Amino acid sequence: MRVISFTCDYSEGAHPLILKRLAETNMSQEAGYGFDSFSENARGLIRAAVGIPEASVFLLCGGTQTNATVIDALLKGYEGVIAAETGHIAVHESGAIEFGGHKVLTLPSHNGKIDPDELREYLEHYYADDAHEHMVWPGMVYLSLPTEYGTLYSEKELQRIREISLEYKLKLFIDGARLGYALASDSCDITLPRLAQLCDAFYIGGTKVGALCGEAVVFPKEAPEHFFSTVKQHGALMAKGRLPGIQFETLFTDGLYFSISRNAILRAMELKKLFGDRGIPFYIDSPTNQQFPILSKAEMEALEGKVLYEIWERLPDGRCVTRFATSWATTPEDIEELAGLLDRCLP
Amino acid sequence: MRVISFTCDYSEGAHPLILKRLAETNMSQEAGYGFDSFSENARGLIRAAVGIPEASVFLLCGGTQTNATVIDALLKGYEGVIAAETGHIAVHESGAIEFGGHKVLTLPSHNGKIDPDELREYLEHYYADDAHEHMVWPGMVYLSLPTEYGTLYSEKELQRIREISLEYKLKLFIDGARLGYALASDSCDITLPRLAQLCDAFYIGGTKVGALCGEAVVFPKEAPEHFFSTVKQHGALMAKGRLPGIQFETLFTDGLYFSISRNAILRAMELKKLFGDRGIPFYIDSPTNQQFPILSKAEMEALEGKVLYEIWERLPDGRCVTRFATSWATTPEDIEELAGLLDRCLP
Amino acid sequence: MRVISFTCDYSEGAHPLILKRLAETNMSQEAGYGFDSFSENARGLIRAAVGIPEASVFLLCGGTQTNATVIDALLKGYEGVIAAETGHIAVHESGAIEFGGHKVLTLPSHNGKIDPDELREYLEHYYADDAHEHMVWPGMVYLSLPTEYGTLYSEKELQRIREISLEYKLKLFIDGARLGYALASDSCDITLPRLAQLCDAFYIGGTKVGALCGEAVVFPKEAPEHFFSTVKQHGALMAKGRLPGIQFETLFTDGLYFSISRNAILRAMELKKLFGDRGIPFYIDSPTNQQFPILSKAEMEALEGKVLYEIWERLPDGRCVTRFATSWATTPEDIEELAGLLDRCLP
Amino acid sequence: MRVISFTCDYSEGAHPLILKRLAETNMSQEAGYGFDSFSENARGLIRAAVGIPEASVFLLCGGTQTNATVIDALLKGYEGVIAAETGHIAVHESGAIEFGGHKVLTLPSHNGKIDPDELREYLEHYYADDAHEHMVWPGMVYLSLPTEYGTLYSEKELQRIREISLEYKLKLFIDGARLGYALASDSCDITLPRLAQLCDAFYIGGTKVGALCGEAVVFPKEAPEHFFSTVKQHGALMAKGRLPGIQFETLFTDGLYFSISRNAILRAMELKKLFGDRGIPFYIDSPTNQQFPILSKAEMEALEGKVLYEIWERLPDGRCVTRFATSWATTPEDIEELAGLLDRCLP
């Protein structure tokens, strides 16, 4: 019997339509470095989805790479980037931002989010400090949507952060590695076009939403000068640009990106109910595809070898915060199987 | 009628067996970051092909990224890397090596190659200079095989460079973005296992030899400490490690990498004969998949819109050095078509 | 009437003996870059004071420069440096450490100090995390002695931190920008030779202890390979090495460094008593040359234009933490004058 | 008997007036980081000498540091700096520019100078290359005046380079580590104010022209935004800004900088005549304080232990290009002594 995995949202390969499209187009001869017809088409589809005809779109390969490249391109040498202390760039990128010479300036995390008031306070404090020219200048706010904890910023929160960032001349950059899973959530009150209006750069994650690889960076207004060369300099330029091109073309045809994201949300809500119905508490009330049930030692032992998930944090009382992630690939059958498993195995 | 392209060796998608394998394995749930079963298998197959059971193998995404990551991992902060002035890292990587803090120290190019005597002379001169501690310490020799001009180092040349590099405590790193096309050439007197014995690191290029993306880095002896983290720091770690994993597993099963490389060489030799038979001179006598015929203005106009190739260099007399590249995907029919075209069109 | 300043410990020029020595030696022709006879002599005197004949000593110009150079030389590319969140490298160096590619990993500050238990906890937590290879490897502990808050680590605390650093293979680096003022304090239970035994690198600050500029870096065991070149690469190599050379030669002749440091401590204790006797509270009970009286708005207004000091932090209740620093140059008359001032002016 | 040294122009300490001024001002309490009254005054004097009241002036410590800081501040991340292959930044700064992430793009050296025509050719070639976005963008021209070979650009050459730099949107930065010795030369047809009109940044070297340390960076139009913080980030901000402040104040009072520079030139011309009169050839016809006589083995043996100079280059025929440098400190007696020495010792 197979061991079902909810470890992460990049366990499978690609959505079958992507593979089909890769096969169909395989022998067409295309220019490299994003000058292929598929990438051109993908960029157009993304501009349309974003609702900004003059937006600049670049297709990169992975998330850390994209964060490091965009942040380095938008910041001046003496500037740093503000992020939640739990932000991906602050914790899980092996220092890729610092490798590019920039400090990550951290604010407290509230279930993965920064608080607009604390952001303002930080900035006021910074500029009030007589020695602030000896400190790293805040040049950008980095948010992830959804956050690393599956949580969402409301449109109102984003608006407030945007106002503050404009007031203090900070760029606003949104890490959308799982953006589809934010937009598809019932709790999300913001649309893709609205999001694009509120920031200087963001990316639409492909790797975690049905692609083999690929992140689509969008600069709603204008791209940093010669961003192409910066991408190359960061080792982030794909010779076969057709690979992300075909994938994003497929994902943004007939709303595939949105429908498969919605699947992940539906499955996540079912999964959430499964645990909730059995009295298992959650670390965070997440409205997206990552769910964080708290399991006791006995419960984990009972599930061992039958279902895979991630240990997120070990609590002092011996219980563990776990992470169960659904994805574009999770089926109703997977959830049913999990339900049966919980019924059979839990103490 | 289609316009046949010899622009580069990354015009098509992937070898069909790779696409087939991607489809077959698509829904299997795998661990990320290279811990999947396909990557594990691919690493084993590569170790076997290299003939060094204890070699370390890492699967990265693209060439510039791989050069920057490996070079940074092997050099100390105050060291630079010696390369031919035509080397990819010296010219065409948008300063990726310098972005990592290291200077590229250039030697004259002899059809893309460095000369062992000139290397030794450079090193003797460096250490004889009283002020050498004010200069960048040479810490590595970078070669490409084949070179950017399609040429090959002989085993004897590589041995001499290796001896010099050992004598002067330099790492030796070989960029094998097109390694298959070197090994498959009739003029190549070195094998993959022998190559591995002669250097500290090299990579087996996938992107230009039938894969959608992917370069397999091999450290014959030992990998730099915590190289995994350096890969992540450079934004070069693929979340879906299965993507390069499946591709290299396929390429190193039943000698596919070598047979498709051989195809490119056979087609290149046919192409070379086509031009030679028609009295068209070559810039370089290349034994690999890149050929550099010199075309007159009239010849280029006659071919315009009928075949694609790259302009390599404009000569003072108005003629152009061009590059025609074959690949794993070039068919005998492509060559025949080119032959007919030359017959019909050339003045 | 002059306005006396306690703003910092680098308000004046140099100790008169240094100026005298600069004048005496001025026209002697010397080799550059630290190869002059004065630097050679200074290094020998420092090795003797440190009690380690084989120690390596380098004379650099300023503090931030020294921190950035030493940290970069001792860390591997993927490593970061642990510091108190109030540490100079974490806050007041405009991101110099990140400019060199390294993350500053912060621990809570306890009056400027890190807690050995929290250090151990951090390291245990780091290595227990399954994803720690995606995070920045801790490669060094940075301490300042005295800290930015004037406080001291006890020998026992340093020993514990040393044990932890050895256990986890971390370098231990001590920022001694004000080292003289630590060693001269009655509360200091560690000697210079003992300090040298407990760390991998430290520096003896000159700029804040009587020199015009200059910090003497000591590597008790061995210097990082080719550290001279790293110093040059960081722009930290002085052409006229005689400048720091003559200064440190003077400071380490007849114990001048220690006697002038002691002067600062004696004056600081007198200053501390002045405020204490008048019922003015302190933010921190500092045993060194920096004192942090908390002044009310009325008190600050009363002193305005009569004495200079630094505003350290504005408290919510309207009072301010201030910093009064004594130095090698502070005289008993300065303290008396301050006493008179407090008597005349305070409400 | 003393061994006279012509090894370099930084063998002695400082001009006596500087030492005098350091002593006179020693106990005045001043603000740090360049906010002292002496630095303020020095900046005003330099602005006056430069003839641009709105110029920005910053006082840094040393040459390599200044080059690295200014270049990094003026370039974008994807840009490199064009220099002669013999330029100080290209050869003798241990890779400080690359440490900051920027490539040095080299042009041939003509006695230390770049040729305006070759500069234009380089730029035309760069922009004509289809792949130029994969290469490092030229963002600046770096010149040294005088060059490392003691030679001078004429005003006409500088104007042409300026025109080209404006046409191609390159910054023009002039390394003036020995600027005084250029301006004081009879062959120099440019003034300090004219120089300032022709570039985006330059510096007035102090270390080699009578100061203990210090280089005065001038931005004739506007300084890079928050340059103060960039200086700090590069470890180039002196806590006791009074040290360079007092020195440049002294050097720019009563034309001292120019008169002591003139002394070096007069002595150099006498020295040049000494060698010329004795039939000793020169490597370069240098009009500044560095002279490059070519000495035979016998001549060098005859002088051994009696006069110090630098070996610049060993010629294949066994002779050596040597460098004899005069400075602000060289006296007519030194030259007379050398004359006697040559008469007594030369074969």
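Assorted remarks:
Order of writing sets the chain letters: A, B, C and D. Residues in each chain are counted from 1.
The definition used in the following text is that contacts are C-beta pairs under 8 Å (C-beta built on N, C-alpha and C of every residue); 3 or more make two chains touch, one makes a residue touch a chain.
Everything numeric here is computed off the predicted structure, so don't read it as measured data.
Note: the chain lying farthest from chain A is D, by mean C-alpha position. Contact count check for B-C and A-C (C-beta pairs in contact): higher for A-C. Centroid to centroid, with C-alpha atoms defining each point, chain B and chain C lie 51 Å apart. Centre-to-centre spacing of chain A and chain C amounts to 42 Å, using the average Cα coordinate of each chain. Multi-chain contact residues of chain D (touching two or more other chains): 77-78, 93-95, 99, 101, 133-134, 229-230, 232-233.
Of all the residues in chain D, the ones that touch chain A in their complex are 72-73, 76-78, 101, 133-134, 137, 225-226, 228-230, 232-233.
Chain B makes touch with chain D in their complex at residues 77-78, 80, 91-95, 98-99, 101-104, 130-131, 133-136, 311, 314. Considering their complex, residues 4-5, 7-8, 10-14, 16, 19, 22-23, 25-32, 61-69, 93-96, 99-100, 207-208, 212-213, 229-230, 232-240, 242-243, 308, 329 of chain D touch chain C.
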